[in-house]
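Shared between the two complexes below is chain A, which pairs with chain B and chain C, respectively.
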Partner chain A sequence: MGKHKAYLGVDVGSVSTNLVLIDPETDRVLTKLYLRTNGDPIGTVVKGMQKLAEAGEWEVVGVGTTGSGRQLAGVMLGADVVKNEITAHAVAALKHNPKVSTVIEIGGQDSKIILIRSGVVSDFAMNTICAAGTGSFLDQQAMRLGIDIRDFGRIALQARHPVRIAGRCTVFAESDMIHKQQLGHSIPDILAGLCEAMVRNYLSNVGKGKSIEPAVLFQGGVAANQGIRKALEKALGLEVEVPINYDVMGAFGAAVLAKERLQATGDKTRFGGFAVARSSFDSFSWECEDCPNNCEIVQIRRDGRPLACWGSRCGKHQVSSDSA
Partner chain B sequence: MGLTVGIPRALFYYQHAPFWSTFFEGLGLETVESPHTNKEILDLGSARAVDGCCLPLKVFLGHVLHLADRGIDTIFVPKIVSIVRREYICPYFLGLPDFARHYLPNHVRILDPVVDKRRWSWQWARSFVRFGSDLASFRQAVRAFSKAQQRQRDWEAKQLIEGHELPKNAVLLLGHRYLIEDRFFSGSIFDSFSKSGFHLVMAHQLPEPVLRMYARRLQKRMFWTSGRQSLGAMEYVADHIVGVVTLASFACGTDSLVSDLIQRRARNAGVPNIVLHLDEHTGAAGTITRLEAFIDMLQRRRTS
Partner chain C sequence: MKITFPHMGSLYIPVEALFQELGFEVVVPPPCTKRTLELGSRYSPEIACLPLKVMIGNYLEAAELGADTIAMIGGCGPCRLGYYAEVQRQILADLGSTLDMVVIETPLENPSRLARDAAKILGRGKLSRVPRALILAWEKLKACESLEKTALRVRPKEEKPGLTTRVLELALQKVRQAAAVRTVHKAVQEGIGELWAVQEKHGRQDPIIIGLVGEIYTVFEPFVNLRLEERLGHLGVEVARTISLVQWVKDHVFKGSIGLYRTTHLERSAEGFLSGFVGGHGLETIARSNELANCGAAGVVQILPFTCMPEVIAQAILPDVSRAKELPILSLVVDEHTGEAGFQTRIEAFVDLLSRKRREAYRGQTQSLFGSRCGFGQY
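And then the complex of A and B:
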């Protein structure tokens, strides 16, 4: 049996790192990995590559990276495309459903809305200063209540009278939840109330002034939570679809972008091979003292050899594969 | 006389610098400008400024303290109330000299002529001539004023887009001039757009009388000069641009209103727009991600 040809997409986010291999012909997801980043993006990417190598024989014909760690993953793997999360998510959503008009994406630390009209992104917004109502907060509250985050949605769906919780700020939401708990409200009612509060917060913060039209896709890690999906449907009065690969849509989009780019240019991939999984990566950072800006410079090294370097305002020390 | 006047490179420096330096030159005084904003200056300002200050004010304080630290004991901080008749600017500006004094040791002298054109456009001529007469002679002050004013006019005319013709793929960049011209904050915006083949156009590159005329289309009169110019520019070019970027400062009262009006206007005109908020904690990453996504959006629209 020969090797499977595939495009690799990698999304290095704050909470999770996702890797996806897609079929070059059909764009079907061949395999996907959802890993916790646990504050170690380099280690997680290496681990992900090990797991992919174990899962089958692949011939990677192109690589795209996205997410807040896209540059890092990009130089580690030799990416052909390094793209921001918004473009990646929009491309993935369009692949899944060409008629999509609104993409709601809620991840570990950020949430976004992307409006798509006639197949092109027409507007988008990201949460700005506050991370209220993102995955990390749900995680934290589930932990506090001793519930597995995977059961969160199921339990919330059992609610009969969702309580009203102030969702503007997670700190106040938490004290509100504790207050409601002490009054004797049931856990399902509180969880459902929290879902509704998060959705209100999302719609007034991120979705402010945006016209949300069907079809609506809900993606990102939080889309696993049925409670949030139901609260979204209730608030919007629209059906909200959760695509099957909701948790790896960013990585999926990055893979599609890599395919588009390489097909347009006819170039060969810059992918460094699965040897990455056996290399040791480390980073080295220092404060440049050549001017009063004191930029923090980071150098990424593979097996002790410098691979890339970034962080300066003026462009000094900068070494990176410029595959923007 | 040996008097050296320190000029903080902040706030109205970005629109009045030619006048200021020529005026002092005419009085026979030497001037020293603080360097371009850098992290040290920003840190200096934000460490000392009162809570609730906007970012540009903290940067201004950083520049003032930097000058004082260098041993400059005369600093020019005009008290600017109004720069256009029947209009105001942000109320923080009329308190600037006192704001600066509060943080400076007693021996540092602040030079603070008043600019208040609200009732009378020539008020500032009288104000500067009086101010100049205290530092040199009356005759010198009058001459310095007229020369400085001429230099300022020439400089402003040079800023205008040649032939008043908007470039292709123009993106309008709006915001207080002291934000968009301070490359410490706006550098990444200019870099990202020029790399991707878009041309940034700013309100001060468009003729002021035209901006004023178009601002009249607003339902109510906008009495903040900078906001009126931004909205006038938006009205003027709305149908000829491919996008609008608004650079706003966190905790800026006027921006909160003006940036929302810009967004509404952009939405009506069907022009993609984005508002980038700045504060001293701004990680470049968040801004760059938004900018990249915005530019991708413009490019994909263009090719589709």
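And then the complex of A and C:
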């Protein structure tokens, strides 16, 4: 048998980097990777590509990237589509359930709500100035209680009387939580209380003024937490569905977008091959002093050769992407 | 006396001309950069809005270049900004700065103060040059605005990314150098011609039209709004800027100074959503969003500095406008902590939303707002 054809989707986020390969015919997810970015997006993408190469023989026929590191991953891999994560998540949600009306996405450092009406994004919002409604909040509190974040949801589901915890601010939530602990509330009740506090925070901050209608999809890393899902269902009075690939929906959406784009244009992929996994990448940044704008320039180099450059306002320092 | 003033987009061009013609030596502050913001936020109260902080940075950087006097507007309202001159004077005094501050207020609010400060300026300037200075500054203001508005139209169709901005900057510098009204007019004509030439020969499809509303300083200062208009343009969006400095001067300086400015037309446009003045450009934001919906704009972007009270009021009302008019609206809040990545993501997602929506429903129906009855394209 020859290589398995697949579209590659890569979502480089602040906390996790996800890669998926989807079947060109059925859009089924063939393989998925969920890696911690650990502040090193370049290294994580390289590692991800190594792991994919080990997992099977693939012929990548198109690449899409998304997430806050989408541009970086885009030049490293030779992406055909570089899309923002809102569009990627919406596309993925529609692929999973064409009748979806609301997408709740809670990740490590950001959370969003996407409203979809008749198959088109009609409105969206992201958290703005605070991370109290995101995964990092739960991470912090789990650490404080000495609980593995993976057990968080399971324990929270055992709660009988969730306590009310002030969830406006991570720091205040912590002091309130300690107070509740000292009053003698059980750990499950406190964890369930944290889930409800986070959901309250999310709904009043990100979901404020938005009409949340069924079907509701819950995706992003935090969707693994059953306690949050239950708290969401309780607060909304609606059934909340967690899609099977909830943790890699952004990457899945990027792969679908790459497929749509290439099928529409008939172009060949610009994918640089799995050789990226053997290349060494580094980045180099400086402040351009050629004019008073003082732009911060970032240059990405592959094996010492400039691959791409961005940040300049005037277009100077740009490397043509074909030369790579 | 070496005079300086805060930046706000290309406003430095007419203001520089004004003071130069009056016979002063002018120190234009260096363009706003990260350093300006760092200096400004270091010495400003944390709760103050971004404009105050950037302005403080402007003053300090101008002082390094030898400026000794600041010209700043003041007065009661339209928002906290009216009081900023006083706050800034205090901050500079606490810093031990020797910068002197001249506050220009409208005659109705504080006639004696205006007379005193005008005397302070004009006492050293040449009174006979006032009419000429005003005319040249006025012409330059109009020139800058018409160049910028042309740039907003051609940028979505530009042949090479960034070309419009470069051509615009060159044209603005020609206006800046022009010493007579005639040369200003020539520079504008040439500049507009060069801008139109930037367009792709084999024209792309009709750009998506997005109205820009919000607080005036964040609308006009590209450093503060993270070059919002350029970003939108590069995504193929034609921006209809609803705030005009030329109109602002007509309303608030020409009419306002003699008490003739009324907001009735805005109240009419905002009817059903907001019934009166709420400070700053809050009423304008609601009124213009409503008008934009009626003109067929695909969406509206509101930009405001964090903690801007008038715009926060407008922001709370905009969802009603959005629902009633089926008009997608994106509110962007900026302060010294705003990250570029999140900003760009929101803009891209918003433009994606509009273009996907248009592909579904409005195919071939949108048309340019310029020249339409709203007239946001003209000056």
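Throughout what follows, the second predicted complex is superposed on the first by the 318 of 324 C-alpha atoms of A that agree within 3 Å, B and C clash if a C-alpha of one lies under 4 Å from a C-alpha of the other, contacts with A are read in each partner's own complex, and residues count from 1 in each chain.
Going forward, a contact is a pair of C-beta atoms (placed from the backbone, for glycine too) under 8 Å apart; a residue touches a chain by one contact, two chains touch by 3 or more.
Note that this is a predicted model, so its numbers are computed, not measured.
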item: Clash-or-fit label for the pair chain B, chain C on chain A; value: clash
item: First (chain B), second (chain C), both or neither touched by A:Thr265; value: neither
item: First, second, both or neither for A:Pro292, with chain B first and chain C second; value: both
item: First, second, both or neither for A:Thr26, with chain B first and chain C second; value: neither
item: Touching partner for A:Gln182 - first (chain B), second (chain C), both, neither; value: neither
item: Doubly contacted chain A residues - partners chain C and chain B; value: 68, 83-87, 118-124, 126, 128-129, 209, 292-294, 313
item: Chain A-touching residues of chain B, taken from the complex the two chains share; value: 35, 38-41, 184, 187, 250, 263, 267, 272, 277, 285-286, 289-290, 292-294, 296-297, 300-301, 304
item: Sites on chain A touched by chain C in the complex; value: 68, 83-87, 110, 118-124, 126, 128-129, 209, 292-294, 313-315
item: Contact footprint of chain A on chain C as seen in their complex; value: 30-31, 33-35, 160-162, 165-166, 227, 306, 319, 322, 328, 333, 337, 341-342, 344-346, 348-350, 352-353, 356-357, 360
item: Sites on chain A touched by chain B in the complex; value: 68, 83-87, 118-124, 126, 128-129, 209, 291-295, 313, 324
